[in-house]
Amino acid sequence: MSDNISTGLQAQVLISALPYIQKYTGRVVVVKYGGNAMINPELKRAVMSDIVLLSLIGVRVVLVHGGGPEITETLKALGKQSRFIDGLRYTDAETAEVVQMVLAGKINKDLVSLIGQCGGKALGFCGIDGGMIKAKKLDSGKDLGFVGEIVDIDPQPLANAIYNRYIPVIATVGSDKNGQVYNINADTAAAEIAAALGAENLITLTDIRGLMRDINYPDSMIPEVKLSEVPGLTEQGIISGGMIPKVQSCVKALENGVKKAVMIDGRIEHSILIEMFSDEGIGTLFTR
Amino acid sequence: MSDNISTGLQAQVLISALPYIQKYTGRVVVVKYGGNAMINPELKRAVMSDIVLLSLIGVRVVLVHGGGPEITETLKALGKQSRFIDGLRYTDAETAEVVQMVLAGKINKDLVSLIGQCGGKALGFCGIDGGMIKAKKLDSGKDLGFVGEIVDIDPQPLANAIYNRYIPVIATVGSDKNGQVYNINADTAAAEIAAALGAENLITLTDIRGLMRDINYPDSMIPEVKLSEVPGLTEQGIISGGMIPKVQSCVKALENGVKKAVMIDGRIEHSILIEMFSDEGIGTLFTR
Amino acid sequence: MSDNISTGLQAQVLISALPYIQKYTGRVVVVKYGGNAMINPELKRAVMSDIVLLSLIGVRVVLVHGGGPEITETLKALGKQSRFIDGLRYTDAETAEVVQMVLAGKINKDLVSLIGQCGGKALGFCGIDGGMIKAKKLDSGKDLGFVGEIVDIDPQPLANAIYNRYIPVIATVGSDKNGQVYNINADTAAAEIAAALGAENLITLTDIRGLMRDINYPDSMIPEVKLSEVPGLTEQGIISGGMIPKVQSCVKALENGVKKAVMIDGRIEHSILIEMFSDEGIGTLFTR
Amino acid sequence: MSDNISTGLQAQVLISALPYIQKYTGRVVVVKYGGNAMINPELKRAVMSDIVLLSLIGVRVVLVHGGGPEITETLKALGKQSRFIDGLRYTDAETAEVVQMVLAGKINKDLVSLIGQCGGKALGFCGIDGGMIKAKKLDSGKDLGFVGEIVDIDPQPLANAIYNRYIPVIATVGSDKNGQVYNINADTAAAEIAAALGAENLITLTDIRGLMRDINYPDSMIPEVKLSEVPGLTEQGIISGGMIPKVQSCVKALENGVKKAVMIDGRIEHSILIEMFSDEGIGTLFTR
Amino acid sequence: MSDNISTGLQAQVLISALPYIQKYTGRVVVVKYGGNAMINPELKRAVMSDIVLLSLIGVRVVLVHGGGPEITETLKALGKQSRFIDGLRYTDAETAEVVQMVLAGKINKDLVSLIGQCGGKALGFCGIDGGMIKAKKLDSGKDLGFVGEIVDIDPQPLANAIYNRYIPVIATVGSDKNGQVYNINADTAAAEIAAALGAENLITLTDIRGLMRDINYPDSMIPEVKLSEVPGLTEQGIISGGMIPKVQSCVKALENGVKKAVMIDGRIEHSILIEMFSDEGIGTLFTR
Amino acid sequence: MSDNISTGLQAQVLISALPYIQKYTGRVVVVKYGGNAMINPELKRAVMSDIVLLSLIGVRVVLVHGGGPEITETLKALGKQSRFIDGLRYTDAETAEVVQMVLAGKINKDLVSLIGQCGGKALGFCGIDGGMIKAKKLDSGKDLGFVGEIVDIDPQPLANAIYNRYIPVIATVGSDKNGQVYNINADTAAAEIAAALGAENLITLTDIRGLMRDINYPDSMIPEVKLSEVPGLTEQGIISGGMIPKVQSCVKALENGVKKAVMIDGRIEHSILIEMFSDEGIGTLFTR
């Protein structure tokens, strides 16, 4: 056990985790992983440790990841400029290929490997595998190239992986029936996967403490938001900017049967455990 | 989580438990429960909490209990004097009935109830159930009445309980084919049950720190004993008195396929967790 | 085979049992066992033989037992006076403990043992096991102490036992979430267990021939009663006294999906077989 | 139940059957059915009732039948003379077709129907189904046409039927890989099927009481014969004539793992039940 | 592979079959087999080959057969005149027996054998097996003797056979609870079996190209008929004579959940494959 | 079906495939895919069609692929020179990352997508997933950087995929316990995977017709080689150069239980089908 505290205290900590273990054992929890927690190697290992721990105590964890910075980096190395429209990457055919390659071949397998090093067993998938994520061109006002929206999710490969006690790790690219690959927003994909699997909980790791009344005052974080409060908070401008799609994903998950959706600060080490193993949790919890 | 330490530290403790969870998940661990840990209500609840925790993180715990003091007490209330020969209770027909009633009806079900209150699910059995412990009169030099020795163990009801994710709790009375009930030593029964279930670990809760070179010096505890060292230690008088049958049970379990047998101090709160979730453990470990 | 009749006649008897075997094979039959059939050792063995026979020919028998006289006797031996209010035992905390101990530790395990001697395999449970019978203080006009009524039944341990071809034997004590034990009426418990298991048949062994129009004339027994006739018979005073709770249990079972509920004379040897293996049956049959 | 004896006595008979039921439940018993028991309609119904009873109490009965007389009759109706060489039917191509048609289409399905009327569920097969009996021309000294010997048994269709709780009924025609049909001796086929299914017991219904020291004295029947005694009894001429192939089938079954092979008098009503449900049995028992 | 075309072309043919295999794999297809395709030995083998091929590529084929000509022939050989009323065989008790014997014992087992020779595994059943086809006297205006109509289908033996990867082959005789056998029209039986199994497709092999506007002009065949068009076509006299019962069977199948019912020319070699492995198919397709 | 030949001929072709389908249905066939068949888009689609066809007719196909040219191309695009030592790519840390990314993220998922477009369902894995390929630094005379050799294969994820009727597609990178990624030769990996899965057949697609006595004379191809002939053929120089590792993989597979290993010309369209669906096959077959 941990060296810095006495073994007796350690045992007490384990015992105090009992009611939370009981609550989550056998349940599906989808973790959306992105942002700084994905870039800092120590945080990365801490997140993977948390996931392995959850998996070992019987939680059926599914990991959905993004990977913007590494895509940008690889595109740059390939001599290709990244271009963003309203915060979304313009994805031409060549970019779509690079997105697939970096997400499904690099980031995804690196996470699978890291989970293995932490003592877990993971299987890396992308939305192309088993036709899991059927996508089409995102219908927004502007042409974003091969940025996709989800038409249908077939969660069978994930359900099989969970049943066989593997942790599925998913890179969010999808494809249409002609094999065209689309870049899919990972928050949205995580929400839809959580819904398709009937998850208990969708945990989104972000780079802020949660939803804040005033972005400048961390203490203004709102610990819990009911679905019915979202329109009002949006109108007041409290949900705004980059928060809008993240909140929308939480809303979508809840509307499709997920019990809880929570946005937590991925920069805090072991924030997943702290959220799941305490009554107060951390971050902002969205509920019906 | 625990109130006295910070949530971050708590998370670190949980994470530090990872390798031990990995080691025991899916394995059968038989806990022999007796002595002071069974009399003090706080220790009792702590032991049951430990067992529930182990069960929830995937360890297949089987609890085997004794109950001497309560038998003596009930016999006394019934106006019957307890009589001991060489430390073993002389068991006439009437006493055998009381032993069955107190062990299987009182202590056993109280433990089942306590496990339920701690959030676990237990099923209470005695050796009569499903013909689990076939016994005969103990063949020692002296007549001890219906003190029995085990002829055969049918672990099917325990295996079924474990498979259905219940914690089996066993009162160690057995019977012969005519239905005669025998009082069976709980240490021996635990060892045979551990062997019959192919257990990973047999943990015996006692009232001393472990096997000590000099009973007066707690620091003289021997942390690990190999099977081959037992004869020598017995000859030297280090294994003596009440230690002899306990050590013999450990030896028997190891000889029949159990991987580890450990004798720990039941008076230390959460001693089971400390033993299982640390490298050094506590108490004396017997190995092949 | 039986010595007193020719083997040819014996074969004919077996063959004549065919249609009844066909009718019950694979079905759940709950037997409520109490009264004189439980005190007379020969009758006791005959009842257990019947149950083993049913079990072997594919009937899924569940045995629910009471045990008033032995409780009274043990209380007396412990120097404690039994006290009854309106025919129900006043159950203080100490009495509740004795009830649990005698029912679950003595009577229950003795029945399990007897079934084993008759060639069957039984598992003894009480309502505390697996949290099977959740109870609360009985809400009657008078304070009866820890006499309980059933809040909820979790039949999982019984279903598992049946599935694994064991005969479950149940002592009707229950508990609340704080672990307080309650003394539960066995007729009521049998009815609720029958309902929870979707039983085909609830057979209650009593000390009279059945429901009689005139208690003094055995020939006035009513062979069949429809649910709709119960209020009338109660008004006429034909259902009265100790019959009221027994009839109520039958009614409750039928209302909750059990197909047949029959009250038979436990003093007649093999009355269960006679009831199940003849068209006319014996005793009073309640149907929807 | 049976009208001629009291219900109490009936219950006693059922109870006395308990140890025999315990002995056979879940075991495979192959019944070879032929001779007079097959011609007399009342005996036929009695045999089918016995089989349905066994099936309902958990015995896995497999029925193998012959059908010589009906074949002869149909051949005659078709204007074809039956011809026998050393007691075996000379089987030309046309006769082989008639044998198949009568055995598999008439006798077999009539037995299936009769089992249905007795409350059982049967499936009729012949050795052609699922390639169950692979046969070749019998290699005896004389040309018998398409009289076959068994090359291989694939018991899968029978095992499936048993698993799904049907009683398989088998007409003993087999075929080679070119589809040529062979007439197979039913005693031999029953022995090989019993071996292939790992049967507990092979029961052959015949038209005599058993193996007799002196055919003129029924009381000279030998109740039990060990495999090692067969050569001696053959030398003495006690096993002779039509008994030789029947005894050989029993020997073959025993040598291939069947535990018991018994030859009983099919002319006695319910002789199967009398054999299986009494200690002494009837007829001659062959054991290893 | 086939000798007459190059292996490259052969591979192309296999590849072109891909979409049709995908369409039918895992689906139940009931083939009603009768008429000339059943008499011509080469056609017979071709039909069986088609069925084995379908079975091997994962289609769950069920074969239902008739057998009028062979029945007539056997009756004649037995010196019994066949008699027809409105095209239906008058079936006295003796004829019913012969029908059973020829259909279930000869034709059925010959088909099972032929499937075996083509490399498939079949099990032959008739409606008596497992009480599969419960029948009663056909209620038509005239007395036809033991010509039956279907009261109930229990498809369990067929479902078991399919599950264990056998091809069930069914002779359409049925029986009532007294064991009386009835001669059942094979088209009707095939339709009801298809409905009971939730078949995808009912394929009826006939002796004409399909439903024709003008029987004298093969080119007038109607490729597809909707259920709603049937009454009109009947009124116009296009569905008439022997076509009426065949169309009625198709209609019945569709009304009870079968997706497609198609009538094809059994005289064309491999017409089943041509129907199933081409877009246009052959014959007349009935759809909802 | 195919347009260029008549439907009747098509049906004949399908029928002629019957014996080959029977031979392979339910068996595991590992296809090693590389070389020109992987670069030419039409050949690529033809190979994927073959694999989907095999999968649909019940063959359990596992696809193992290489991808040298695309790796070289991506390295070049990233401004990194490929360097080969004795025909093996020198793999520094950065190259290892690119190998993983291109193999597991690009080529692998493109194949999965193409299988989906051909109507199959595939799951893409690399050796990192589920710790499937445990590797270490290849121990050859020269330093090749992170070129690995296989230490252990855990085929569980592949077995699960097959069981759930997905086609597993494997990129041959492996990792050690520290997470270091190694570039693994695909021929070797295919052989070891075939052995670990108990495959029936290992099919290696290459760029030549097979093993030739004289590389300049295609007609000198050796159709079959026994294991015992390999040393002689190597000595004679017939197995030489790039053929050596390919033949070694075949030898390794055979030695570890694979039944057949065949090297075929991937440049011929549908060469897999031609090999599997004809007696003569194409290419060189290695057998024990």
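Just a few scattered comments:
So that you can tell them apart, the chains are marked A, B, C, D, E and F in the order they are listed, and the count of residues begins at 1 in each.
Rule of thumb we're sticking to: a residue touches a chain if its C-beta (ideal position, glycine included) is under 8 Å from a C-beta of that chain, and two chains touch if they have at least 3 such contacts.
All values reported here derive from a predicted model rather than from experimental measurement.
Any chain that touches chain A and also touches chain C is listed here: B. Ranking all chains by how far their C-alpha centres lie from the centre of chain B, first place goes to E. Repeated interface: B-C and one of A-B, E-F or A-F share more than half of their contact pairs by residue number, and that pair is A-F.
Farthest chain from chain A, judged by C-alpha centroids: D.
Rounded to whole angstrom units, the spacing between the C-alpha centres of chain B and chain F is 55. Centroids built from CA atoms put chain D at 45 Å from chain C.
Among the residues of chain A, none is found touching two or more other chains.
Taken together, the chain A residues at the contact with chain F in this complex read 77-79, 97, 100-106, 108-109, 112-114, 116-117, 121-126, 128-131, 156-157, 160-161, 164, 166, 173, 175, 177-179, 181.
If you check the complex, the residues on chain C that touch chain D are 1-2, 4-5, 7-22, 25, 46, 49-50, 52-53, 56-58, 118-119, 268-270, 273-274, 277-278.
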